[in-house]
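Next come two complexes built around subunit A: one with subunit B, the other with subunit C.
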Partner chain A sequence: MLSNRRLPDLKIRDLRDDYCEFELSNTDVSMANALRRVMLVEVPTIAVDLVEIEQNTTVLNDEFIAHRLGLIPLVSTAVHHMKGPFDDIGEKDFTDVELSLHVLCTSDDTQDVTSNDFILDHQHPEVYPVGYSDSRMQSEDAERPILIVKMRKNQELKLKAIARKGIGKDHAKWIPVATVTFQHKPQISINRALMDTLDEKVKEAFVDASPSHALSYNSVTKQVEVTETEAYMYDGEYEKMAQELHHPDLITITQSDNEFIFRVEGTGVLSVEDVIITAVDVLTAKLRNLQQALPPPEQNEGEN
Partner chain B sequence: MTVATGADTGATFALEDEDHTLANALRFLLNKNPHVSFVGYSIPHPSEKVVNLRIQTTGELTAVEALRQACQSLKQLCGHMRSTFTEAYEQYEQTQGSDESP
Partner chain C sequence: MGINAPDRYERFVVPEGLQKISIEKDTKVTNAATFTLQREDHTVGNLVRMQLHRDKEVIFAGYKFPHPLEYHIFIKVQTMGKKSPREAFDDSLSDLIMELDDIRSKFQSEAQQRRDMQH
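Showing the complex of A and B:
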C-alpha cells in the first residue's frame, strides 16, 4: 500500500558550529521544500518578547529599544524543556525567562549598552545572548557583543526583558537560522560527437561562455570536460553559446528533481544539527496530529 | 481538522493551522497513489490559517483512508530522514575526529 513513497538518502558534506551542507537524494521537491520551510519558520527558539521599561533617558524611544532587544539572538538549547505562552502548562513547566538590564552612564565619553550588560535569569542561566560574556570577567578573545544603544553622560536605561518560546511564523526574531536553501543538483551532459567537430579555439571560448566555470578545457586531451557541476548557476550561457554555434544539442543541462543540496546557516541560537533534527520532529508531530484528527478506520486495511 | 463535505470516495478536509508545508507534501504523495483520482489543495485566504484539501478516489478506498495512508507514508519518510541524518552526523563526527565541538 505504501509503495508510492521513496526513502531518501542523506550525506553530510560539511558540518561546523554554524553551517551545514548536506545532500538529500532519492526524494521529491515537496519533501525537500517541506523540510526547508519547517527549518525556517517552525523550529522554536527563545527571543525577548515582552519588555518592561522602568527608566529610559537614552536617545532611542522605548519601542525602538524593545524591538532591538527582540532581535538579539539568545542561546535556545533550553527551548526543548520550555513551553510556549499558549501551551498547556504543568507545575514544572516554565514559559518566561527574565533578563534585566540597568546601565547608567557616568563617564564623559560615549558609553555602549550591549548584550553583555544583561543580567541573566538566575533560574535559567542557560539562556543568554549569543557571544555573551559577563562584563566582570571580560576576556580578550570574547566575541564582540551586540550593541543596543549608545549613551552620553547621565543617561540611564533600566528594563526587564521577558524572553519566550516562539516560532518564525509569528515573528522573524524566532527564526533559528540565517538562511536555509536547497538547490537542485545540475546535470550537465556534453555531446562528445558534436563537440569533436569544433576546433580548439571555439572549445576554449565555449568553456569561458559562462562565468560559473562549470566546464573546463583540457589542453592535453583537447576535450571539454565538466569539472565543477555544482558551480553551474543555471544562467543559460552555455546553451546560448551552443545556439550561436548552430549546435543546440551540443550541451544539455537539466535540473535533477530528486537530488538536492541543502545549505543551512545557523545564527548560534541552536546548533544546525539540532535545527535539522527538530524540523523533522516538528513535521512528524504535524502528521501525528492530523492522523489523530481523522475519523477512526472502519475496517482494518492492509497497512505496513 | 474538519471534514467539510463529502461522500466516502470524495471529501474536502479543512486543515487548520497548516499551510503549504504540509499540504503540498500530502498532495504530492496522494497524487502518486493510483487509487486517488483527484487531489488538490487551496488556501482560500492568506490571512486565514486554513488549507482545504480535496481528495477523490476511484472507489477502492475512502478519501479518509487515502489521507491516512499519505500521513503514514510521510511519517515513515520523516522517521527515515531523522535516522539517516543522525547516522550521517555520527559518521561525520567520527571521520572528522574530536577537533570539533558537537
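Showing the complex of A and C:
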C-alpha cells in the first residue's frame, strides 16, 4: 500500500532547561497544533492533590491553603515511573508522594511559611518543590521560595500533602509548561521595481510603518530590506501603508502553511526537552491505542 | 466538586462498558462510515481528518466534537471503494505514528548534537 505520510523536518534553534525554540516544517498545522495541545494538557506531572490538615490557626482557611499547595510546582522527573490514580496499579507501583509541613510561629515578628518548610517523602526524595532548599541549611544565594502563608505569634500550620501524577486536562496545576506557542513562518516579499520608484523619504517612512520592524532601510544601497522576517506580527501595517501610497502590490505578506516556529517555556517541573519528547510519546500512544481498539473488519466488507 | 458538575476525570477516563472506538456504517451512502471515538477531542480529531485528506481513496473526511461536555468525537469517512473506511482510518493512524516517530528521532538527534557541541 502506498503511504500518504509526510516527511517532517525539525531544527532546534535554542535549547535550555526551561526554554526551547524549534522549527517544524514539511508538515500540517493539524500536527503542529496537536503537539501544542498535548504539551499543554496531556503531558503528566506531579502536583499536590490531597491535603490533610491537622492544625490550621493561620488567617487563611483550609481550602485556601490546600489550593495554594496544589499550585506549587514540584520537580516531576519521577513521573515517568509513577502511576496515576486512574491507571491499572500493580503491586510495585506507587501513586502517592507524601509531603508534610509543620510550622509554629514563636517569634514576635511575622513569619513566612514557604515551600522550603516542606518535609519530603523519604521514600521519594526526588519529588520536591522547584527551587527547594532545606530550611536548615539555607544559603544567601538560594532561590526565593514560594510563599504559602504568613503567621503571627502562636499561629500553627500542620498538614500532610499528598502529591499525585496528573494531566493538565484534569486541573491546570498539572500543566508542565508556562507557555507553548507556535507561529506560522511569515513570508515577506517586496516588489523591487515598484519600491525603486519611491522617494528616499517615503522608503524610510514605509519601514517604520509597522512597530514590528521586520523591514529596515539600508542607507548605503538605498533599498528597503527584509531583515527580521519573524519579528513580523501580522499587524497589516505595511500593507496598509502600501495601500495609502496607492501601490497595493508593493509588498506581499503571507504565512507559510508548512513551516512552524515553536516556543516552549518550562516551569522547572520538567526539562523542556522532556516535555517535548513526552508529548510526542503521549500522542503516539494515543494513536496506537486507537489502532488497537479498532474493531476487526467485517466479513462481508468489500462487497459494497 | 460542584453539585451539578461532571467529575473532571470523566474527560479522559473511558467508562466501563464503553468501547474506545465504534464504527457505524452509513445506511444511505456506500463506502461511508462514522467512527465514534470516546474521550478524544480536537487534538486527535483534526489530526486524523487532515491525514485522511491526503489519501486519494478518501472522498470525504470530517470530524465533529459535538459539545464540550460530551467527551467524544465523530469522524465521518467516505471512500472510493477500493479501501473500506475502516482501512483508510487504520492507514491514516499508521502514517501519523510513523510521522511522530520521525519527529521524535529528529528532535533527539538535534538535541544530542547540541549537547556534543557544548562538550
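Here is the rule we use: the second predicted complex is superposed on the first by the 292 of 304 C-alpha atoms of A that agree within 3 Å, B and C clash if a C-alpha of one lies under 4 Å from a C-alpha of the other, contacts with A are read in each partner's own complex, and residues count from 1 in each chain.
The criterion applied here is as follows: a residue touches a chain if its C-beta (ideal position, glycine included) is under 8 Å from a C-beta of that chain, and two chains touch if they have at least 3 such contacts.
This one's a predicted model, so the numbers in the text were calculated from it and none came from an experiment.
Trainee: Since both structures carry subunit A, what do subunit B and subunit C do when superposed there: clash or fit?
Mentor: Clash: subunit B and subunit C overlap once superposed on subunit A.
Trainee: Is A:D170 touching the first partner subunit B, the second partner subunit C, both, or neither of them?
Mentor: The second partner, subunit C, only.
Trainee: Name the contact category of A:V59: first (subunit B only), second (subunit C only), both, or neither.
Mentor: Neither subunit B nor subunit C is touched by A:V59.
Trainee: Does the superposition put A:L147 against subunit B (first), subunit C (second), both, or neither?
Mentor: neither
Trainee: Looking at A:I89 after the superposition, I want to know if it touches subunit B, subunit C, both of them or none. Which is it: first, second, both, neither?
Mentor: Neither partner.
Trainee: In the superposed arrangement, which partner chain does A:D17 touch: subunit B (first), subunit C (second), both, or neither?
Mentor: Touch partner of A:D17: subunit B, not subunit C.
Trainee: Looking at the overlay, what does A:A205 touch: subunit B (first), subunit C (second), both, or neither?
Mentor: Neither partner.
Trainee: Thinking of the overlay built on chain A, is A:D281 touched by subunit B (first), by subunit C (second), by both, or by neither?
Mentor: A:D281 contacts both subunit B and subunit C.
Trainee: Using the superposition on chain A described above, determine whether A:Q291 touches subunit B (first), subunit C (second), both, or neither.
Mentor: Both partners, subunit B and subunit C.
Trainee: Please write out, lowest number first, the residues of subunit A touched by both subunit B and subunit C across the two complexes.
Mentor: Common to the two interfaces on subunit A: residues 1, 4-5, 7-12, 15, 22, 24, 27-31, 33-35, 37-38, 42, 273, 276-277, 280-281, 283-284, 286-288, 290-291, 293-295, 297, 301.
Trainee: Would you tell me which residues of subunit C are touching subunit A in their complex?
Mentor: Against subunit A, subunit C makes touches at 8-9, 11-13, 19-23, 30-31, 37, 40, 42-44, 46-47, 49-51, 54-56, 81, 84, 86-87, 89-104, 106-108, 110-111, 114.
Trainee: If you look only at subunit A, which of its residues touch subunit B in the complex?
Mentor: It comes out as residues 1-2, 4-5, 7-12, 15-17, 22, 24, 27-31, 33-35, 37-38, 42, 271, 273, 276-277, 280-281, 283-284, 286-288, 290-291, 293-295, 297-298, 301, 303.
Trainee: Under the touch definition given earlier, write down the residues of subunit B that touch subunit A in their complex.
Mentor: So the residues of subunit B in touch with subunit A come to 1, 3, 15, 18-22, 24-25, 27-29, 32-34, 61-62, 64-65, 67-69, 71-82, 84-86, 88-89, 91-93, 96, 100-102.
Trainee: Hey, which residues of subunit A end up touching subunit C in the complex?
Mentor: Touch residues, subunit A against subunit C: 1, 3-12, 15, 22, 24, 27-31, 33-35, 37-38, 42, 86, 167, 169-171, 273, 276-277, 280-281, 283-284, 286-291, 293-295, 297, 301-302, 304.
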